[in-house]
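All chains are identified by letter, namely A, B, C and D, in their written order; residue positions are counted from 1 within each chain.
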Amino acid sequence: MPDFINTLDRDGLEAHGITGWSYGFFDQVRFSEIDALAHVNNVVYLQWFETARVRYIQAFGMTAYGPEDPQIVVRHQTADYLAPMYMEEIYVIAARTRLLKATSLIMEYGVFREGEMVAKGDAVCISLEQDGKTRRAHYPAAVEKILEIDAPEQA
Amino acid sequence: MPDFINTLDRDGLEAHGITGWSYGFFDQVRFSEIDALAHVNNVVYLQWFETARVRYIQAFGMTAYGPEDPQIVVRHQTADYLAPMYMEEIYVIAARTRLLKATSLIMEYGVFREGEMVAKGDAVCISLEQDGKTRRAHYPAAVEKILEIDAPEQA
Amino acid sequence: MPDFINTLDRDGLEAHGITGWSYGFFDQVRFSEIDALAHVNNVVYLQWFETARVRYIQAFGMTAYGPEDPQIVVRHQTADYLAPMYMEEIYVIAARTRLLKATSLIMEYGVFREGEMVAKGDAVCISLEQDGKTRRAHYPAAVEKILEIDAPEQA
Amino acid sequence: MPDFINTLDRDGLEAHGITGWSYGFFDQVRFSEIDALAHVNNVVYLQWFETARVRYIQAFGMTAYGPEDPQIVVRHQTADYLAPMYMEEIYVIAARTRLLKATSLIMEYGVFREGEMVAKGDAVCISLEQDGKTRRAHYPAAVEKILEIDAPEQA
């Protein structure tokens, strides 16, 4: 598993005033993420969700993006924009699993500025073989870790 | 209103085997839209939805992005990925209004490859004054045009 | 070879007032390409150059991005910004080979608005085996076509 | 001036084995920055240069992106790719001024992985009034700071 920068665990998130989440990191709005309306473009949040998802699934061992690993792909996602964000703002993004099934999961994402949620989203993710078609069960060790840190609904 | 390239109206869409939509355009997957998994990245579809939305709201007169115009911002959006897309594929994206309210609307987007829908999404959009806060009624001429072409639910 | 949309050959480019180029296409500025300064972001032009390069090298048979094909990678590139560009503007991008060597080439790109060049750039590209390291000679048929349409310097 | 995360000064850069630079920061390759060839896309480096430039010019007071501030725009830029970069790699990007003139400057950028330079670039930047046309002298305090930390050539 790669090392990730600026990572926050449950305690680190609580220190930022964020409760109910166990995995996240902090980052900062870049110039390229601001659009012609002078705030963070709505599509950019989905890229942040992606970064959070990719870190989360590696951190808890769902995939290492190797040639033998499952492909975790997105089938459906949503985003809610609660307040605009501006250039150079520092934010925390947190990720958790809400529902864990044998070959899929539903994740949730929250974006926080000074402890206040400014955007959120979720994603239905499917675990596939490298053929990109056949369903594949999660690694048991990953399931165990996610149950432990996020206590998702199971089905 | 600017001219848009590759535009398709109801007849043009039907010629591509797409029925039930009145506004769209065709485009082609670029190298930069392909990700490490060798298909179109899931975030890119939201950028396509954005391009379709921006063209649609200008084409039907909701805003011209001028200093006196409403700002049409997204509050919520979703995306569904029905089939992967690959490099250089030519696709049609279509947009329509499903619900039209005094100061908001819900739009739908469909991405089609050879007449088959491969992705879809929707977006809840709010019309605001230039202050980015105060709600603002749609231009009556835009309402009229959208009612005519898309016959959305009204509320 | 895939079909490409909106392609312009030497005659098509001349009809747009652009001489000295044999391959290009037209496109239109998208909302997502405009930055906080309200014009096309300077990085976006490099993405346009990439799209032009990827189309050009497929159109003239240098690679089809298949598992047996050469990888054409960029070692050095430049961009010159001659005039700002704005939302929804329609532009032509043209590409040509200035220098063709056994396992590399130098390409040039021009962006034109109403026949006037508004940006340009070039790229030093290297042809590699799939290992991403070993130099690989161009396909002879591609060399022949490029010599014919662009008459580049050879070395 | 905003606070920036993960900033490195001359001492911090030297601790990473990087000498001759006085301003930089560390970051990590994201999934969205990897392209179909499985390495960091060549255009992404230019976005990194942009982020470094925007941080640098704010950190040393050339602009705060306010309505009374100069617009610092890019007229020419280059990039050199010395070694490919891969997913999740942690890197340092450093920025410095090579030449400082009354209403322009030439900046240089370096990307380092474990102390080794893997990419570099430069940019010719012009200082303009908010009209985007008229040349404007740099703030004297910014000139003073840049002379002090980077000792650029002057002209």
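One rule holds for everything that comes next: a contact is a pair of C-beta atoms (placed from the backbone, for glycine too) under 8 Å apart; a residue touches a chain by one contact, two chains touch by 3 or more.
Since this is a predicted model, take the numbers as computed values, not measurements.
Peer 1: Contact counts by the stated rule: is the higher one at C-D or A-C?
Peer 2: C-D
Peer 1: So which chain is the furthest away from chain B, centre to centre on CA atoms?
Peer 2: When every chain centre is compared against chain B, the largest gap points to D.
Peer 1: If you average the CA atoms of chain C and of chain D, how many Å lie between those two points?
Peer 2: Here the centre of chain D sits 26 Å away from the centre of chain C.
Peer 1: As a quick test, compute the distance in whole Å between the mean CA positions of chain A and chain C.
Peer 2: Each chain reduced to its C-alpha mean, chain A and chain C end up 36 Å apart.
Peer 1: Could you list which residues of chain A touch at least two other chains?
Peer 2: 31-32, 36, 41, 43, 47, 50, 65, 87
Peer 1: Help me check something: in the complex, which residues belonging to chain B touch chain C?
Peer 2: 2-6, 26-28, 30-32, 47, 50-51, 54, 58, 65, 87-88, 90
Peer 1: Could you please specify the touching residues of chain B with respect to chain D in the complex?
Peer 2: So the residues of chain B touching chain D come out as 31-32, 34-36, 38, 41, 43, 87.
Peer 1: Where on chain A does chain B make contact in their complex?
Peer 2: 36-37, 39, 41-43, 46-47, 50, 65, 71, 73-81, 84, 132
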